[in-house]
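Look at the two complexes coming up: chain A is in both, with chain B in one and chain C in the other.
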Partner chain A sequence: MSICISTYCSIRNNQIKLNGEALLTKGVEVPFNEFIKSAYDLNASPYLKFFKMDDLCKLAFITSEFLLKNRKLSEQYGAENVSLLFANTSSSLDTDINYYNTVKDFASPSLFVYTLPNIMLGEISIRNKFKGENAFFVFEHFQADFLCNYATQLIQEQKAKTVVIGWVELLNENYEAFLCLAEETPDGTELTNENLNKYYNG
Partner chain B sequence: MDALIAKLKTQIIEQLNLEGVSPDDISPDDSLFGEGLGLDSIDALELIVLLEKNYGLKIENPADGKKIFATIRTIAEYITAHGKA
Partner chain C sequence: MKTVFAAQGNIISSLGFTAEENFSAMEQGRTGIQKFTREDFLPFSFYASLVDDGKLNEKFSALNNKQNFTRLEKIFILSIADVIEESGLDIKAGNTLLIISTTKGNINLLEEENYGGFSEKRLLLSDMASEVARYFGMKNSPLVLSNACISGVLAIITAQRLIRSGQYENVIVSGGDLVSEFTLSGFNSFKALSDEPCKPYDAARKGITLGEGCGTLLLTSDENLLNNNDKKIIVAGGSVSNDANHISGPSRTGEELALAVTNATKEAQCGIAIDFISAHGTATAFNDEMESKAFSVAGLQNVPLNSMKGFFGHTLGAAGVIEAVVTLETMKRNVLLPSQGFQNSGVSEQLNIITQREKREVNTSLKTASGFGGCNAAVIFKSI
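Showing the complex of A and B:
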């Protein structure tokens, strides 16, 4: 069996698409916080910790909720065999700036804990009980070749049986999230640079 | 004391982003951690900040925190005893 992209989800321009199909669309004038709350309500799976997350984590978390809905990857593959491989451009700069602004008065502990971009991997892992390898990279642009090669290697070397590949970027209300699930399955599109780029751009 | 308890409830809900929780949902004697309101260690740090920011109170000995932050009432009693409510 070849390694395939079995499902993918994107959130950009106030629109959520799952496997290319629009699930939620709001006008571009709707602020991010309002939009992401609508997305949370639509997903209808209560998780109160969501409201304590920073915006980057909220974006990653909601995208993962739609991507992984109806999947129980930890049960299917074993918690240690589910890996997360994420990247973005701005790291956690959006929250770093917000945190810095609180330092002038009273430093916020709850903001401080989000001043690393890989916290989003932790939030998704906690939610889904994933215990596999996770990695986060900062790139200038989406790099399909790197992500494709890394995920393929994880699966081929039996470090993981499935990999959630993600690009989750957010800075100053500009945001974009793209997540896909790579696994060995007959049902999907082969994981290649071209296909990953096609879905990311789609 | 009742007015301070009511004020604390509102401040805690706001400071800790307790979505969907209203002041009426919190009894002054409910545990804030564990089985009660279910707060975590980061929330505990936020409560320390809340006390300092809004009431000018610093908790010098971390071991005191467990008693002070047991319930809304114990926080109110601490604020009253230490003066700047």
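Showing the complex of A and C:
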């Protein structure tokens, strides 16, 4: 069996697409907060921690909910074998700026905790009981080759049985999320730079 | 699979500008933590470990560079330049990658009017890393890792994987972070800052002391880059895990850090035959307690252990690399350093915390880290 992309999900331009198929579309004039709340409502699985999250985590969380719906990866592979490999351009800068604006009056601990990009991985791990390898990288642009090689190496060296690969970017109302699941399966598209780029762009 | 050697290292901190200077200061029992009154940082006095600006600018101007760099970029450049010079590595010829490990990068620019005269883009970690790489004329784009307080250890693990699989011959891992109003106010808002120098694992510990600086370590598959007089040390294993419990509080059981440790020792094939642990030891109540449980679960409760936070403070994205460089010096010199600030155990499980400098053969070491987001990392260094 080869390592394949078994499923993928993107959120951009106020549209959620799962495996290329649109699940929710809103006009581009709808602000992010409103859009992501309708996405949460559509997901139909209540999770109150969502409302405490910053925008970056909300975006990552919702994308992961749609990606992993109907899957129980921790049960299937073992919690320690599910890995998260994420990256973006702006790290947590959107929340960094929001947090820093509170410092002169009353520094907000609930914002400060979100001034690290890997908190996304923590939130998704808590929700799904993932305990495996996790790493967050920062790139100027989406780097299919690095993500593809790193995920492949994790699976080949038996450090993970499945890897959620993620690109989740958000700064000043500009946002984009793309998540896919890499695992050894007979039916899926082979995990290659070309295919990862194709799904990311698609 | 290639063997991955740990070659030269550098540390820039309040204790010095080379690994040698830092280790000597630690051997003499000097801490870099001092009391500061800086109203631009906090409205009250605080303890921290800060890099001396006078020395920094003096060393940097000796490079005769015309371009304008931020304070953190200067620290990165000086640290990396020292490692390149010491190793004789030709960064333009070989297949060399730079990995930058940082949590907040140039975040202090937010605190300055007009971003201190720099472009707003300089707040982006990739932009900062590119400026540093460009200074050295590196061909490959740098890789930036930002994974809270495990960033440095994770950067070493990532480097090991990239070299072992043959993707790069040499990786320079450089971890750096500053103390700023941003970080001080944040940890203060959590009530996590200690009002005295931090005391990891101690019964009277009161929380974190922040520190700043940079650690740089050259990892390579090329044995020719190693110093002939030194022990040959390899990166023998590494692993990462997540608590899946809480975003700002550690695991209640320590099982997940223990999982990372056990996976790393399996890869290194060393079992529990470990001579020294450089632990995370932030001196918060919950972190130190979690670590004591984790080492107990992993069967390592009798291994001599220290936290270096009492010397450097918590240097965030730099911590893993700085502490790894000190760990390598510990192995090369066969000298165990005490856990600065520790007197009486304040954790529930037994730990063998080092209380005085001791000459002892150290051939296998474990370096661990844990951080916000529930992340844990462990790496094994082994002399061969």
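Here is the rule we go by: the second predicted complex is superposed on the first by the 202 of 202 C-alpha atoms of A that agree within 3 Å, B and C clash if a C-alpha of one lies under 4 Å from a C-alpha of the other, contacts with A are read in each partner's own complex, and residues count from 1 in each chain.
Here is the rule we go by: a residue touches a chain if its C-beta (ideal position, glycine included) is under 8 Å from a C-beta of that chain, and two chains touch if they have at least 3 such contacts.
Note that the structure is predicted; figures quoted are calculated from it, not measured.
Once the two structures are superposed, chain B and chain C can be ranked by residues of chain A touched, with C on top. When the shared chain is aligned, chain C comes close enough to touch A:91, but chain B does not.
Of the two partner chains placed around the shared chain by superposition, chain B is the only one that A:48 touches, whereas chain C remains out of contact.
By the touch criterion stated above, A:113 is placed in contact with chain B and with chain C alike. Looking at the shared chain after the overlay, A:136 reaches chain C, while chain B stays out of its contact range. Of the two partner chains placed by the overlay, only chain C lies in contact with A:159; chain B stays clear of it. Taken together, the two complexes place residues 107-109, 113 of chain A in contact with chain B and also with chain C. Here chain A touches chain C in the complex through residues 79-80, 84, 89-91, 93, 96-97, 99-100, 103, 107-109, 112-113, 115-123, 125-126, 128-140, 146, 149-150, 153, 157, 159, going by the rule given at the top.
Partner chain B is touched in their complex by these residues of chain A: 48, 50-52, 105-110, 113.
In the complex of the two chains, the chain C residues touching chain A come out as 103-105, 107, 110-111, 123-127, 129-130, 141, 143-148, 154, 158, 161, 165, 167, 181-182, 185-190, 239-248, 256, 259, 263, 371-375.
Only residues 16-20, 42-43, 45-46, 49, 52-53 of chain B touch chain A when the two sit together in their complex.
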